[in-house]
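Right, I'll just put the structure down here and ask away after.
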Amino acid sequence: MYRIGEKPYPSKIMRDKLYELILRGERLDGRRPYQYRPLELKTSIIEKTDGSAMVNLGGTKIVAGVKTALGQPYPDTPDQGNIVVNAELLPLASSFFEPGPPDERAIELARVVDRCVRESKMIELDKLVYVHGRTVLVIYIDVYVLDYDGNYFDPSVLAAVAALATAKIPLYEVRNGDVIAKTESRFGLPVRKFPVSVTVGLIGDKILVDPTSLEESAIDTSIVLGWSDDDEMAAIQKNLQGLIRFDTIDEVIRVSREKSVELRTKLMEVLGRVGAPS
Amino acid sequence: MEKVEQRLITEDGRRIDGRALDEMRPVRIEAGVLDRSDGSAYIEMGKTKIYAAVYGPKEAHPRHLAQPHKAILNCRYHMASFSVEGRKAPGMTRREIELSKVIREALESIVILEEFPRSAIDIFIEVIQADAGTRTAGLTAASLALADAGIPVLDLCAGIAVGKVEGRIVLDPSEEEDKRGEADMPVAMAPRLGSIVLLQLNGRLNSSEFREALSLAKKGIDVLYELQRKALSKKFSGLTQIGED
Amino acid sequence: MYRIGEKPYPSKIMRDKLYELILRGERLDGRRPYQYRPLELKTSIIEKTDGSAMVNLGGTKIVAGVKTALGQPYPDTPDQGNIVVNAELLPLASSFFEPGPPDERAIELARVVDRCVRESKMIELDKLVYVHGRTVLVIYIDVYVLDYDGNYFDPSVLAAVAALATAKIPLYEVRNGDVIAKTESRFGLPVRKFPVSVTVGLIGDKILVDPTSLEESAIDTSIVLGWSDDDEMAAIQKNLQGLIRFDTIDEVIRVSREKSVELRTKLMEVLGRVGAPS
Amino acid sequence: MEKVEQRLITEDGRRIDGRALDEMRPVRIEAGVLDRSDGSAYIEMGKTKIYAAVYGPKEAHPRHLAQPHKAILNCRYHMASFSVEGRKAPGMTRREIELSKVIREALESIVILEEFPRSAIDIFIEVIQADAGTRTAGLTAASLALADAGIPVLDLCAGIAVGKVEGRIVLDPSEEEDKRGEADMPVAMAPRLGSIVLLQLNGRLNSSEFREALSLAKKGIDVLYELQRKALSKKFSGLTQIGED
Amino acid sequence: MYRIGEKPYPSKIMRDKLYELILRGERLDGRRPYQYRPLELKTSIIEKTDGSAMVNLGGTKIVAGVKTALGQPYPDTPDQGNIVVNAELLPLASSFFEPGPPDERAIELARVVDRCVRESKMIELDKLVYVHGRTVLVIYIDVYVLDYDGNYFDPSVLAAVAALATAKIPLYEVRNGDVIAKTESRFGLPVRKFPVSVTVGLIGDKILVDPTSLEESAIDTSIVLGWSDDDEMAAIQKNLQGLIRFDTIDEVIRVSREKSVELRTKLMEVLGRVGAPS
Amino acid sequence: MEKVEQRLITEDGRRIDGRALDEMRPVRIEAGVLDRSDGSAYIEMGKTKIYAAVYGPKEAHPRHLAQPHKAILNCRYHMASFSVEGRKAPGMTRREIELSKVIREALESIVILEEFPRSAIDIFIEVIQADAGTRTAGLTAASLALADAGIPVLDLCAGIAVGKVEGRIVLDPSEEEDKRGEADMPVAMAPRLGSIVLLQLNGRLNSSEFREALSLAKKGIDVLYELQRKALSKKFSGLTQIGED
């Protein structure tokens, strides 16, 4: 019903070729199975945001922006700030994407980014309450896919997390029940985790990471794993049709954990942080 | 908001509703419950109540969506406005759209779509009461409805959620456990194919907890799979044996 | 413009056959012209509602649920509670129905149910005002067609009325202008009428009641009559294309009145009520 | 809200605006008032002011809606934002969608659709001022616009509302009578066919009141039917006789 | 994306014929190039509005209505009343128009009418503030195209301006922070300008005014110029594909200015005003 | 709201950001910045940052939109939610829909659509930061993206806004000047064709000011046109000469 721009039928020939390569430890673009494409990450590129980042992962380009505003908490979390994530697969990024309201893929992307950020407890949301049950900080995270060559999950999570980690918000003061922004000085958000996601493609009994668009149409299925830190997952999303064989699961967990450490290290370098946050 | 919340698991390992950690809620599964559709099923897991119906294979529409070499599968997971606490506004929420996608992708893994080129199969899942575990229960019902419609599949599939509650891995979390627990992991499998068809995680699990949760899910799924087969055999024996209930 | 899933061209052969049967006092499914299909009515089936009912009328299955909440009255009725009716023709119920927002048929159904409930004065809405012009009870009635073999009007009205008649709401107390729900005890709505609707099909100079889906495509037209009690109509809706001959109207009124008494008796039995409400 | 509301009917059986119980408001009906459409009409009943236009028969679009044996009829009843007290938000309300349906079904009863297989006829009704009786006045104008477009019909049809006000049955209720009255019953008929094409009731009537109301409606409809015929003959005589107004 | 009912390919033959006529100072319908079609303007035709007007310009018929209500000012103009313009190209007006929400043409029309009214400073919006930053007058202008034979811009601006200039609103009084309407007496809006727009069609090095629907499909392009008074433009909108040659611009300005004076004179006559407003 | 607002133009004819009246903001223009599209471009004018991409010519879809004698051009001008002060709600605003139309009409004037009958060319303009002059900068990038895609055009076109600020005509107004100034006039030209392709005015100008503004726009457009040509030649020389940056 919501399937717009579905990918073409994966040619069996392409699948067989990819599988053969993987067996030899190779890939179509010369990478090894467990190797990511070159990653570039820049922050603070949109001056009108509170925080922003652009990520290039091979031929996939993502821009994320963070804006904050005062608002009401959700009724079931009166003691927490809000996070609102929106993602759009812009039609300029690929002929697979069409103009119009977010389709099921864009909604899934937004919700996976949301879960990585929220379930990892990246932001201490209880520190963003100004008047209990009435006034909290609302954090809007908007993610746009500008150019798409496969795997929009991992760079979107990276861009969102980098934008959040570098965001600067006003100091808010409560006076007689009113919340007033002191815009002259700006502070970072209370960040305590740096979640990253790792997308794993499965093909028969083998796996690979960070599939390109071409590989996405050849693999059997794929799964995204969000790691909140080196030891803990915060989100999982199997996200294409196809079967995951029980006997591949342990390797999926092992490899994704390993790659998550690698991605987080890179992220921390760009953010100028070493190790865990204070 | 309660000031002091009741513990979810007692010292002797019982849950709020009296279940053991690895015990699922009472389940009822029936096939062929709606007359107009080509196949249908009903499932109750605790207070979760769901109908599923299948239409097709039929001509794909609009035409340009038709695939020359296989059927397309459409799936809509939808909740009645009154199915939840409070009232859900009519119209599809972002959550319903996401769940429709993951359920469809799970079912695409087992339906032999190549048997019906240029056609479409529509699957409708209607949650009339939601009390945790609706996506996996909905998928379980949908898989049964597909079989009831006589659509060829590689295997039946069934699903159940596992959770982490106060540090313990539990089967088929209740709504209360889902809301207050540390993690919720819906899993669906095609047991005979030795494969997972749906897997999501909300909340935090480490690698060994994940493995424990997956094994527990497998245990629950095997039970559901058996109930699916019984529902089918009851439906079809009922059709062929005159005079039977 | 809003015609989705229009029914196929009524075959002249089918129409002639049905007419011939009716002349002999028969129907395609063995019923007599003025006979309803078997009716089953169950209440309190959805625990999360304030009231609910499921109705099977032959092969047509309806579920209705009632939820209540505090809200603002409409500006032109500051001294009355609100009723909001929504109906959906679920695509799992028939290949005539499609997913998406309610089409013209679903909107018509909702509005006919609304009129039966509202114009019959079933609920004493003036007893649901807590703060005049500001806080009243809002009653949401949601009706879903789960399986469709013709005539969704009559079982929808039955389901809605049964759900309302069995609904339990909290006691509300007004303290210093605030309205507070005392959830420990629940009470019924102030019900004083039990409206039912009767759908009549017309074919030439003859009529029948409760048409099946197949009959709907063979009859000339149809009309729904909502009876608020044995002596009074509250709603009428001619609802398919086609002519109603002047000379059939008296019989339509007579028969629909008779059948309304029969349906209301059945309804009262299920509700455990005898005769008029106190 | 007024504390003491004026009575709607005086002791000598006059209504607030001076009319007798069986008297309709001043009516003006014209055919051929819009140039671009294939047929059009304008109606005023009191302050109710409505344009109707017809396009077609033309190719049905999108194609899969075309019917092999007849034309499809589309109908949109729409109110200008400024047509009512307050301001109606742009976009179709549920009420407008319902009325579009019942008006279309009424017109489908009289248009000989079988003459134009695979084609479509579009009817647009635009209420620029709404002061009670808009659905029946709109239908009356639409029927005239169809005739103006030269589309073959079994009969013209016309409609009017009847109401119950302070226990009395009245013809063509005003907005005030509609709002404060006990019942409002829009009726439309094809007089030569001896048939009703539209019938709705909001509010309470017993069987004998219903019969009285229906007879009164018939009386009003006969007048409107005559006005429709005059408007048509004026339009077509105006077209053929040179020098006439 | 938003192009519904696009006009057919302008036949080169028709263009050449029109150009030849223009060279001779003629047009297809017998007008001279700089001549408007007959203009009729009636006001106060919809009793339920605060102001209304109907304009016939040749075969193009427009109705505009003005309604007013109290509302909140926009955050960036706390000291001004609001104007909200909506326009619809009704499907009964032309087979080029389709039912549904306003398409890009209707939105453009509304925004051009809005600019003519707003940028000309026609209404003294600062006189419509009752409580600074909180309660102001909101003026809704709704424009409907009822019959369309080209050039909906100029008669829409005329209808909107005439409806505004004749609108009567209640006297509002502020008492203890509440704004109360004294409906017994009604007053005009504070009007100080009478903007009109002139639509110019371009064909090669020649121009014409007020194109018909047929001419719109033959000309190279067109431009709408809104004149706030005899000496000043308030809005311009080039509004069809096609090139405007630099060497025609001066003539466009000269002619549109001249025609704007003519249209405004006609408008003032109908409004019963002479010269500038008091 | 500031009580006393700073003057926008100093006595010696300098603007708030130090520019002369006829000076545009720093510009950066690049072609071929996105891999997936058939042609693309990026433009920065001050803080305004915009991507444009072109897909096509390709089959027109849905089919009934195809034109037998020419390509259709689709254009979407869209702003990221975070591109403006505050946060724009997702979805197209009325402003974005209008600007999509005027930009498309400008580009239709220069693309040789007759070369590709029955096909479609899609142009997507994404404003990732908006700081005045986005429609003209977007058009400038889109024209470059068309050329980058190898689509035949009569000419490149470029655009810039001119404004009236405290009585003076200025080139390329900043957001502050736009908000507080008396007039804003976006202009786009195809210089080699001696023609205007886009022209709008918000605010008040008399005839002589208009002429002055148009000349000033021409001056800015000539600069942008040169930058477009350089960006193209850089892109294509980069493609043909091995080892170049």
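The letters A, B, C, D, E and F name the chains in turn, as written, and every chain counts its residues from 1.
We take it that a residue touches a chain if its C-beta (ideal position, glycine included) is under 8 Å from a C-beta of that chain, and two chains touch if they have at least 3 such contacts.
Remember, predicted model here, so these are calculated numbers, not experimental data.
Of the chain pairs listed in D-E, A-B or E-F, the one whose interface repeats that of B-C (more than half of its contact pairs identical by residue number) is D-E. Each chain's centre was taken as the mean of its CA atoms, and the one lying most distant from chain D is A.
Centroids of chain C and chain D (each the mean of its C-alpha atoms) stand 27 Å apart.
Mean C-alpha position of chain A lies 58 Å from that of chain D. For this pair, chain D with chain F, the centres built from the Cα atoms lie 51 Å apart.
The distance from the centre of chain C to the centre of chain E, each centre being the mean of the chain's C-alpha atoms, comes to 48 Å. For chain C, the set of residues touching two or more other chains reads 1, 99.
Shared interface positions of chain F, defined as residues touching 2 or more other chains, are 76. Interface residues of chain D, counted against chain E in their complex, comprise 34-37, 40, 47, 49, 51-53, 55, 58, 76, 78, 80-87, 90-91, 122, 124, 126, 128-131. Residues 46-49, 52, 59, 61, 63, 65-67, 69, 86, 88, 90-95, 99, 101-102, 140, 142, 144, 146-149 of chain A are the ones touching chain F in the complex. Here chain C touches chain D in the complex through residues 1-3, 9, 78, 104-105, 107-108, 110-111, 115, 119-121, 221, 223, 228, 231-247, 249-250, 253, 257, going by the rule given at the top.
Chain D contributes residues 1, 65, 67, 69-70, 72, 74-76, 94-95, 97-98, 100-102, 104-106, 108-109, 185, 190, 193-207, 210-211, 214 to its touches with chain C in the complex.
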